[in-house]
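Here is the structure we will look at.
As written, the chain order gives the labels A, B, C and D, with residue 1 at the start of each chain.
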Amino acid sequence: MRRTLPILAVLAVLLAAIAIANPFFLEPAGFLGFVRRAAPLVILAAGQYFVIVSGEFDLSVGSLVTVEVVVAARLIDGNEGATWPVLLLLVVLGLLVGLANGLVTTLLRVPSFIATLGMMLVLSGAVFLWTGGAPRGALSEGFRMFGRQTGWAVLILAVTALVVVLLTRADFGRTLVATGDNERAAALSGVRVNRVRILAFVLSGASAVVAGILLGGFAGVSAQVGQGLEFQAITAVVLGGVVLGGGRGSVVAAMAGALTLEALFTLLNLYGISGALEFTVQGVIIIAAVAAGAVRLPFAHPRRSKGDAHAAS
Amino acid sequence: MTPDALPARRSRRFAAVAGPTRVVFLALAGVILIGWALVAADGGQFLTLENVVGVQQRSAALGIVAVGQTLAILAGSLDLSVAYLISLTSLVAAETMAGQDSGIVAAIAAVAGVSVLVGLVNGLVITKLRVHAFIATLGVGLIIKGIVDHLYDGPAGRVPETFQHLGYDRIGPVPVSALLWAAVALTAWFLLSRTRYGYRVYAVGGDVEVARLSGVRTDRVVIVTHVLCSLCAGIAGLLLAARLGAGAPTVGTDGGYDLESIAAVVLGGTALAGGRGGVAGTVGGVLLLAVLDSVFNQLEVNSFFKDVVRGVVIVVAVAVYARRTGLLRGRRA
Amino acid sequence: MPRPRTLLVAVAALTVLAAGCTTDRPTGAAGQRSGAGASPQPPAAGTGDQSKFFVQADYDAQLAMRSQTPEGPADRPWEQAIAPEPVDTAEHRKDGPYRLCFSNAAVNNPWRQVGWKTMQAEVALHEEISGLTALDAEGKDDKQISDIAELQAKGCDVLIISPNTTATLTPAVTAACAEVPVIVFDRGVETDCPVTFIKPIGGYAFGADAAEFLVAKVPAGGKILALRISPGVDVLETRWSAAKVAFDASELEVVGVEFTDGDAAKAKSVVSDYIQRHGRIDGVWMDSGATSVAVAEAFEDAGLPVPPMTGEDQQDFLRKWKDDGLTAMAPTYPTYQWRTPIIAALKILKGEEVPKVWNLPQPKITAENLDTYLQPSMPPLHYALCGCEDMPGFPEGWGGTKG
Amino acid sequence: MIGIGKSFLGVRVLGEVDLVAAAGEVHAVVGENGAGKSTLMKILAGVHPPDEGTIEIDGRGVSFGHPLDAQRAGVAIIHQEFNLLPERSVAENVFLGREPVRRGLVDRPAMDAATARLLGELGEDSFGPRDPVRHLSVAQQQVVEIVKALSLDARIVVMDEPTAALAEHEVDLLHRLVRRLQGRGIAVLYISHRLREVFDLADRVTVLKDGRLVTSAATGELTPDGLVRLMVGRDLGSYFPPRATSAGETRLRVTGGGNDRLRDIDLELRAGEILGLAGLQGSGRSALAKALFGAEPFTRGRMTPVRPRTVREGIAAGIGLVTEDRKAEGLALRQSVRDNALLVARASGRGRRDGVRELLERVRLVPPRQDREVRYLSGGNQQKVVLAKWLTVAPRVLLFDEPTRGVDVGAKAAIHDLMRELAGEGAAVMMISSELPELIGMSDRIVVLREGRISGTLPAGPSEEAVMRLAAGEVAA
């Protein structure tokens, strides 16, 4: 818990500022509305946490969310009956993309920044190739229910958060963090290093599925629904104090980072700094938050593990 | 008694750096051949003068940015603010020139100033505030984006004809912009292979602790590298202003120069972790992407299919390097 | 290398450089920003100051055009023209078959995809067109400039251009004019060298139609929220500037002007924020229909009746308007304008007259004519004004389902 | 160096330490790990500034803000962990940070020539100045480190555990070189745990204990037992726990085992027995350990109870490996003691998760706190955590690869006791150590490897010469 305190403090301050600027925020409807709007980013941040704590990146989640929504609209095409089979297909699709990212990164030994950048291009190209450039078909009410009704959205968020926290406490989570810290030592302790890292990417893919369902449900089909989500997710995780390069950070802090980012956007909107300057403020806040985090850790520059030089005789 | 390695008089001199660079230029030749065959089959000619010039002109801006990005990545860092900086410098250039030839020198100075400033900020945030390069440069990029979108809501300023020559003139088959790119690439190659600064970039990229203990002022190397990287982005901004005739707030992001330049650098065999690779490979990577674009244009291939192919090419190329360096490392005593 | 020899080589290199120097830079004066500066408008509360794209003369002309009856066949609005000033094209006459070229700004949004499909269908109607070579600039000015240069060398009889950005594409278009007859449509350029510039009446009419509807429907003192996609796009800027004039003249209070980047989720969030902040919103003005359904849903999610609002001719908005009985209207920026450049090209190559500025009619969808434009079998993001109902391959070609 | 004091994060590491070294003198600095030896040397090398005390060279007071100042003042340090850039060439590594320049540009030919000259001086001809360091073996990289220090034509050379990774003949070579440095009037500060080297090489010895100066005397005035007692307060005699009397049933047997590094391995590990594995640097001892464990498996031969093809199969068969390099292969440095201790149990999904506290006490971790990050622990404590991580799955076979390298004498004794305890409880133990006295003292049986083959087996307590003859083969003892 010690590591999550700083980000929780920042989040509390921002929420208080919002409450002052907009008293409606204190009523359950107001606060739950905020939580619902933040839900997709929080879930994506949780998925991204697993990838980052294992020392990798996943740039493909944004495109995957767009693919999920566009594919759903095309296949459901308005008929309610198709909702559940398509939802199942979306889950399988998300897991397969995660699996592909994982395999390329671990077996082909391609740095994950490049592997997932490649996947991002492939996904965004493929989906529009298939739909002829524009989203077609329509989402059914049954599908959109999850994203539109606050109750469902908050419930899905709560369940996901619970699952994710349990995962990090379980053997998988601990061995994943250890792998992110020192892959060689983990391997020699019997950790199935590749399997664990692939699973992290699959979880990131799964988080994109859930986020896609929520975003698609909330706003309907659109071609840019996933744009920029990958950078926001990475920013949120880093705001939560998780160190890029792996081996350190808690998933609760990562999710709190996402809430903080969303609170920041809401605050800026309320104070009317929306439009262009919102980006500037976002840029300053990100650097300040991470800089504050880094100052406290004197060993911010982890010495690269000297694996090779010491491969003994 | 024989120590472990065979006492060959001079153990074989493995041109490790040349390895990946050779691969990218082989791939480039392959793509040109395939492209030529496909276009010929489709009834067009591939190697026409317009095409060759088109490829060079289209890849000049990305090439210059990629050279700067190569320096950053070699030093173990990276720069996500280049795209936004290009938009900013194109606007600064066009506004300072305001259509007057007299404004050109002032514009170049202004662009240099802005670029150095942004490079300094990137470098200082990374070294003094100890912020990871990904977040530092992403943050600075967003700051620039906010300022640009706030001040400008469309193309602005005007570039006088004399300066537009930079974007259009040709000397035989070689456009001036390609010469500019070549000059920037050569300078960077010279810096890396002949000057102490260059050696220190490889040292800091290879292992920052080792460099520090050997007396290298690692922070200063990173800061200088980021200034040079931003300068390259500034030059690209000037070039694009010359081609467009004006500055545009979205020219950098439209071209996707941040992720595209990183892809080109890695395509060229430079290790994303730093310490290995070079400018030559990056030039190959940029040309490979440009030729791909040209072939797709010739065949009027749908731009979404192009994204798919480009994504696959990048991943496959890096997988090939990973296997090659993996073999090298595995074979030691 | 001994010193003198390096000097010799340097001099030789310089001479070669000077001799071989040619340029692809487009000749002709880079266009000056046409039209008078924006006339000073008193900045009304809430609507901020007037956009610098606002040109009073164009504004007045477009508003007037709304009431003028267009010439040409009523059932084929893409061939009609309002107050045309014909220009003689005899010099371009040549006999078929014709090779057309098209530099497309982008296919990155539903409106352009419907238009591009319609243009391809139009080409298929005419055997005398041997082929249409099209290059997609993917929304990048720099790429469109080199695309236009490349197309000039492809032996095209006519070059059709849909410019990505007005100012930056002007030099390239000017250069193309010298080589081949050029037709510009959708967005303009700051030069009159193209043979014809095809466009619906324009943004001012779009914005004014929508604003006037709200001024009529919303009682005095009502709170209006204006949603725009993004700053700096001339087509969208003119829409808002016209609406601003109408709102400033009315007693309505514009409580906010927000940018949504055309993203439905962001639009919906902005609307719910305003509902929270102001308690109620009495009318919503939108500069495009992409997020109109999401905006209506924001009110439903907040448990409020959907106030009078404006959208565009996309099927999902029309269907919601019909099913939920909204008080709404939809100005249009008709996609059938993608058919006209092909027709104009053939006219030019046959030497027939074409209007210098081909103003196409710009109908608006109201409660009365909603049913004629609602096509249930068409996909949600399909534009009603595609003028493609009678073309071969309809509706499957446009993503629709039979019957 | 007079009255030096230093503390890290509030922990006092050095207090009033004086160190006087004369030109041309080999001055050994010994003491338990955590006694502050490395810290003292790092202060001299300008890596850390001292909190108290002054440094004087040739009578002049100096202060070093950065390693560069120390280098300029003539101090060169050879670190225990190599400070080399794998991707760069030998010459580029040697002249890192001080590349020779001609007319503003790096003078590569001069750099290569100077490196070649120094390599020649060392009699090293197995690699050249332009080879990338990535292609060099550990021993060769050590030589590059030494060449780097020498190229600084330093007047004070600090060697921190230089022979830890060197083979016997390379140690002699190094000692000949140290003598040559002495001849040039250079003061050599030599840190080592190998007492034999201290007595062979050093003129004076300074002993540190818990950050305090115990004594500084000429080597002649000291005896090995006396020195150990000074260092740790226990005499040499009871150095090793008593050996086993009888061997139990065979836990592991290999016949005809081999892979690309090993040939015709016939080996038996019996319960209750500590088998010592001797051999020169590069003879394949680590390779054998990793083959038995399944990390770099055998490709030929039969092995009972199972021939593990992966690490997981090795662990499932009840085998554990305490690797040679703790930091790189044994521990996740930024995780807590508890997370490291439970790593194997969690990886295999079985093994005890409770009782970590008792486990840490059993391995004599002082203090047995579970939440501290492992990187803040001393070398000895880190090794104990590695041991604990294996004990959670109660292995039947435990392989130790240089278990006490870079570990203080106190911790070394604790680890020896533990190994004997584990053997006593029926585990089969195999130990690799480059320190012959330790290997001979601990092992009930010693197998000697030479170039990947078993060159012979010796009963308990053989003479060092006997082991060396089998290890070195053709060279006369």
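Just so we're on the same page, contacts are C-beta pairs under 8 Å (C-beta built on N, C-alpha and C of every residue); 3 or more make two chains touch, one makes a residue touch a chain.
Treat the numbers as computed from the prediction; the structure is a model and nothing was measured.
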{"item": "Taking each chain's C-alpha mean as its centre, the one farthest from chain C", "value": "D"}
{"item": "Chain centre separation in whole Å, for chain C relative to chain B (CA means)", "value": "35"}
{"item": "Separation of mean Cα positions, chain D and chain A [Å, integer]", "value": "43"}
{"item": "Rounded Å distance, chain C centre to chain D centre (Cα mean)", "value": "73"}
{"item": "Separation of chain A from chain B, taking each centre as the mean of its C-alpha atoms, in whole Å", "value": "29"}
{"item": "Where chain A touches two or more other chains, by residue", "value": "133, 275-276, 308, 311, 313"}
{"item": "Numbers and ranges of chain C residues touching at least 2 other chains", "value": "107, 231"}
{"item": "Junction residues of chain D - those touching two or more other chains", "value": "84, 86, 134, 137, 139, 281-282"}
{"item": "Every chain pair in contact, whichever chains are involved", "value": "A-B, A-C, A-D, B-C, B-D"}
{"item": "Complex contact set, residues of chain D against chain A", "value": "81-82, 84, 86, 134, 137-139, 141, 165, 281-287, 295, 311-312, 314-315, 321, 323-325, 327-335, 339-340, 342-344, 346-349, 375, 389, 401-402"}
{"item": "Contact footprint of chain D on chain A as seen in their complex", "value": "171, 174-175, 177-178, 181-182, 184-192, 247-248, 299, 302, 305-313"}
{"item": "Chain C-touching residues of chain B, taken from the complex the two chains share", "value": "48, 50-51, 53-54, 57-58, 61, 99, 149, 152-155, 158-159, 161, 164-165, 167-172, 175, 240, 243-246, 248-249, 251, 254-255, 297, 300, 302-303"}
{"item": "Residue ranges of chain A in contact with chain C within the complex", "value": "22, 24-25, 30, 33, 37, 73, 132-138, 148, 215, 218-225, 227, 266, 269-270, 274-276"}
{"item": "Sites on chain A touched by chain B in the complex", "value": "57, 59, 104, 108-111, 113-115, 117-122, 124-126, 128-129, 133, 231, 234-235, 238, 243-245, 275-284, 286-287, 290-291, 294-295, 300-301, 303-304, 308, 311, 313"}
